[in-house]
Amino acid sequence: MADATKLSVGFVGLGIMGEAMARNLLKSGLFSSVTVWNRTLSKCDALVAEGALSAPTPADVVAACDVTFGMLADPEAALAAVFNEGGVLAGISAGKGYVDMSTVDEATSTKIGEAVTAKGGKFVEGPVSGSKKPAIDGQLVIMGAGDKELYELVQPAFAVMGKKSFYLGATGAAARMKLVVNMVMGSMMGAFCEGMALADKSGLEQTALLEILGLGAMANPMFAMKGPGIMQRAYPPAFPLKHQQKDLRLALALGDALNQPLPVAAAANEAYKTAKALGRGDQDFAAVYEATQK
Amino acid sequence: MADATKLSVGFVGLGIMGEAMARNLLKSGLFSSVTVWNRTLSKCDALVAEGALSAPTPADVVAACDVTFGMLADPEAALAAVFNEGGVLAGISAGKGYVDMSTVDEATSTKIGEAVTAKGGKFVEGPVSGSKKPAIDGQLVIMGAGDKELYELVQPAFAVMGKKSFYLGATGAAARMKLVVNMVMGSMMGAFCEGMALADKSGLEQTALLEILGLGAMANPMFAMKGPGIMQRAYPPAFPLKHQQKDLRLALALGDALNQPLPVAAAANEAYKTAKALGRGDQDFAAVYEATQK
Amino acid sequence: MADATKLSVGFVGLGIMGEAMARNLLKSGLFSSVTVWNRTLSKCDALVAEGALSAPTPADVVAACDVTFGMLADPEAALAAVFNEGGVLAGISAGKGYVDMSTVDEATSTKIGEAVTAKGGKFVEGPVSGSKKPAIDGQLVIMGAGDKELYELVQPAFAVMGKKSFYLGATGAAARMKLVVNMVMGSMMGAFCEGMALADKSGLEQTALLEILGLGAMANPMFAMKGPGIMQRAYPPAFPLKHQQKDLRLALALGDALNQPLPVAAAANEAYKTAKALGRGDQDFAAVYEATQK
Amino acid sequence: MADATKLSVGFVGLGIMGEAMARNLLKSGLFSSVTVWNRTLSKCDALVAEGALSAPTPADVVAACDVTFGMLADPEAALAAVFNEGGVLAGISAGKGYVDMSTVDEATSTKIGEAVTAKGGKFVEGPVSGSKKPAIDGQLVIMGAGDKELYELVQPAFAVMGKKSFYLGATGAAARMKLVVNMVMGSMMGAFCEGMALADKSGLEQTALLEILGLGAMANPMFAMKGPGIMQRAYPPAFPLKHQQKDLRLALALGDALNQPLPVAAAANEAYKTAKALGRGDQDFAAVYEATQK
């Protein structure tokens, strides 16, 4: 694996975020080549027009590059891109690296990592926090885990795609970190919605609560973003409630396996389950507010 | 009550915050006079040296001023300053106003408001969020309730002491808002501590979690301020845990009276009770982290 | 106070339970006389026809008897029977005893006990568990607290009214025991309703669950009595849900004062609050089942 | 499958309960023969001396009998007895039945049922509630599910082994019922332990609480059996706490899959997790009391 000269990099999965991330790699001029692939191949055209190469399969991308990044929609797509015919695994060999930046569970990540390693490749998991806008702006936060050497090698790429990256430990650590972060997020939103509900029930303006929270030590972008929607009881999905509830469930299971009691998260989880039972599973997770309303 | 000419204002209670607030009123030059009183009278000396007048009792302050502000340590002190011999009530009369900025419960505030009103005075409750530094900097957030006319009249004073004030409704509304805000704070800290505990138990660095939270949509000053102490399990009291637990209890009682279920806050409250049972009541409320440790 | 010869006893409050309890005292033949009073005096007629005496005020009952029992509807009625003009307090004097068997809170009981004691009388609180049928059958369970000597003296009367009595300590202990018992009851009913709900949701017959529970180590009269009503979602009030919720709230407050975390009861309390919010407060406490249904 | 003439029955698994159950089948005289097998074959000797036949493998038992009952220690043993070489599956054929009375999860039961059915056999799952003594006395409670015809056919055998059997639906229903029952049990024990803790903290004798509960509508064998151990904080394992916690977890997961909020069970589960974290996992589930003690 080269590190004195310019790396050749690949990118597999050109969804909303993947395309933006690949474009940032391309625009940086730091890499000898950027080779892309997408299941719908026409999605490669724009990047090719900007100077990227394209390849007919993930295996071809991996074969052509020192390091390949993946950004797939979900665990199923992440597994398919690796294990299907013409997948990453068919191209991997000693000296090559694969960095999966998809959000997947620890088991999926571990399975991919073991398969890559078994063929002599190096593997890093690198899920991100942040969505479309930070992806375009190269302002993602990257949680990295797995092969430390590969993690170090791709620092220039991470620096182009994100504002900060973290090395968290062996494969699986980044998936766990994402669960912990999302558990805090779920409980925090549950706490916020109870405050909004109690304000309303006790004759206070919710908008005043929002402003006051926004001026104090608890001020955070999430309350500011989600508060107005809650007031209108409109929840266009950014992060679907059913996914938030799934992450709470998985975090509770992790706590269970580690003998870590998590009573606040457990209570919040039941609130999300109530909201799901009310038919809000596909709405934004702020719809947990509905669980406070009878 | 004058509003075309300059108001004469009084200030009762020169603790850490009160002194800073009175000094800001004095320095503004907006008022014809600033008359101060404190239980330990020598605490008036510095402000007198800077141009304030002093008076021997709260009654004398009120008698001398258009509007008097109070900033007492707790409900008992707030009641004593009003109802004791030589208290606010002995000086109040038609045309005068009293603005109690102490943090007290709704019953205490209502009792003071009714007494002031019965003697022809006007009453505003105005608890603040923010502590010593914002008081000095005139950056408090002021939650106002009670007599709307008096609230409007003292806007210039609020503008000097705070960065923002809110009018929330009839007397009691500001006390309730403070409860709602502190309930959200208590649950949010409970959520954060569970995340810190799960990170640690699952082999992740707590410092990485702190950084990641600090870069995302949940980023807030409270996590940033309290996180390092939690990591060292040191909790020098800024807001004592037993007071946070009391506010959760009162918020739950408010929810109870209004038929508003609050399961996340109820679970958080039990965590604070556990921390109290562990002897952490006088430490900072971040010590609820100890409830997650066995 | 006589204990070698027969006692003269009084009974204040002839509601459904009080009348049955007084009749059992009368029928026993153990007492030299039984003198009764009720706010609606005509309620005394039946017992007078059976051999009781009646008196125009509680004070007259107390004046005429060695020991007087009270069985009033609620704390307000219990206080009125003691403190109103012509109340128990007006008749009490050294050597006389008052045994209040009403269900009241610890503060009410303590207030009555202190007043009786201040006039030289002896006081026992003796709330019961059991309702109409056990009252008629002399099968109540009596929780006693307060003056030990008086408690011993009235053993024959307790033996006639109840199947068992307990001496629990100083005044207030019986009120606390009743709270503890009702807290267990509230949580246990919450647990049962969740089981009934999960059975139904997972395609199992609720009637089968009832039968299976009834044949095992958890078998208890409450599940057997309340189960069929839950299946029909009909909750004629035996113990109103709002009272059960109030007792949970008071038990949680007791735990709070004693630093005793009670997370299961706290979760159950929120379920009862949800049921109240759904308009079920005046129905039987088994209506907490409704909180499990969306 | 014969039903006009006497059935020949087999029994696989002669542990403490299995041996007693097989003996009851033998003693009843209702069956043309009783053929037994155990992994340690010498465990068959006593029953053979009493008139049973023995066989060298489960496959031989099944081949020799109309219906074979299984009573294995856990899911692994249950699967081994069926799928291992010489297992139940090797002997099954059209017209034969297998009744698995082991306590296993729904997935295990379904897997066994599908394999038996695929070879033309009939399958019933029949987990029991009750332990050694009821097994000896033929007083088990049998939860049946699966093939209705086979369930009806074995009614005489169920009547000999148990005091009551229930047909609950398709394979899996009995496993779910057992989860629901154990969820109620776990929450109920959690509620009981909180009551015991609050009694103690508030200066009441726990023994008085036990007696009072034992005389009222909540009276049940479990409180009576477990109470004295809790008072001594001694928890010799009858049903290990870690198994109770696992069942709560599985019940919560079932509720999750069905959108059934279960906040009381969720809070109880966290208490069991706390007790596990305190090192009580292998003690009796009554050790959840330790989670209430700091």
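Which chain is which? They are A, B, C and D, in the order written, and residues in each are numbered from 1.
In the analysis below, contacts are C-beta pairs under 8 Å (C-beta built on N, C-alpha and C of every residue); 3 or more make two chains touch, one makes a residue touch a chain.
Just so we're on the same page, UniProt names per chain: A, B, C, D = Putative oxidoreductase GLYR1.
Note that the structure is a prediction, hence the values are computed from the model and not measured.
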Contact-richer chain pair (by C-beta pairs counted) among A-C and A-D: A-D
Approximate Å spacing (C-alpha centroids) for the pair chain A (Putative oxidoreductase GLYR1), chain B (Putative oxidoreductase GLYR1): 40
Centre distance in Å when chain A (Putative oxidoreductase GLYR1) and chain C (Putative oxidoreductase GLYR1) are each reduced to the mean of their C-alpha atoms: 58
Distance between the centres, which are taken as Cα means, of chain D (Putative oxidoreductase GLYR1) and chain A (Putative oxidoreductase GLYR1), whole angstrom: 43
Multi-partner residues of chain D (Putative oxidoreductase GLYR1) (at least 2 other chains): 255, 259-263, 266-267, 270-271, 274, 277, 294
Chain contact topology (line, ring, star, complete or other): complete
Touch list for chain D (Putative oxidoreductase GLYR1) against partner chain A (Putative oxidoreductase GLYR1), complex: 245, 249, 253, 255-256, 259-263, 266-267, 269-271, 273-274, 276-277
Complex contacts: residues of chain A (Putative oxidoreductase GLYR1) adjacent to chain B (Putative oxidoreductase GLYR1): 129-130, 141, 143, 163-164, 166, 168-169, 173, 176-177, 180-181, 183-185, 187-188, 190-192, 194-195, 197-199, 201-205, 208-209, 211-213, 215-222, 225, 251, 254-255, 258-268, 270-271, 292, 294
Residue ranges of chain D (Putative oxidoreductase GLYR1) touching chain B (Putative oxidoreductase GLYR1) (in the complex, touch as defined): 263, 267, 274, 277-278, 294
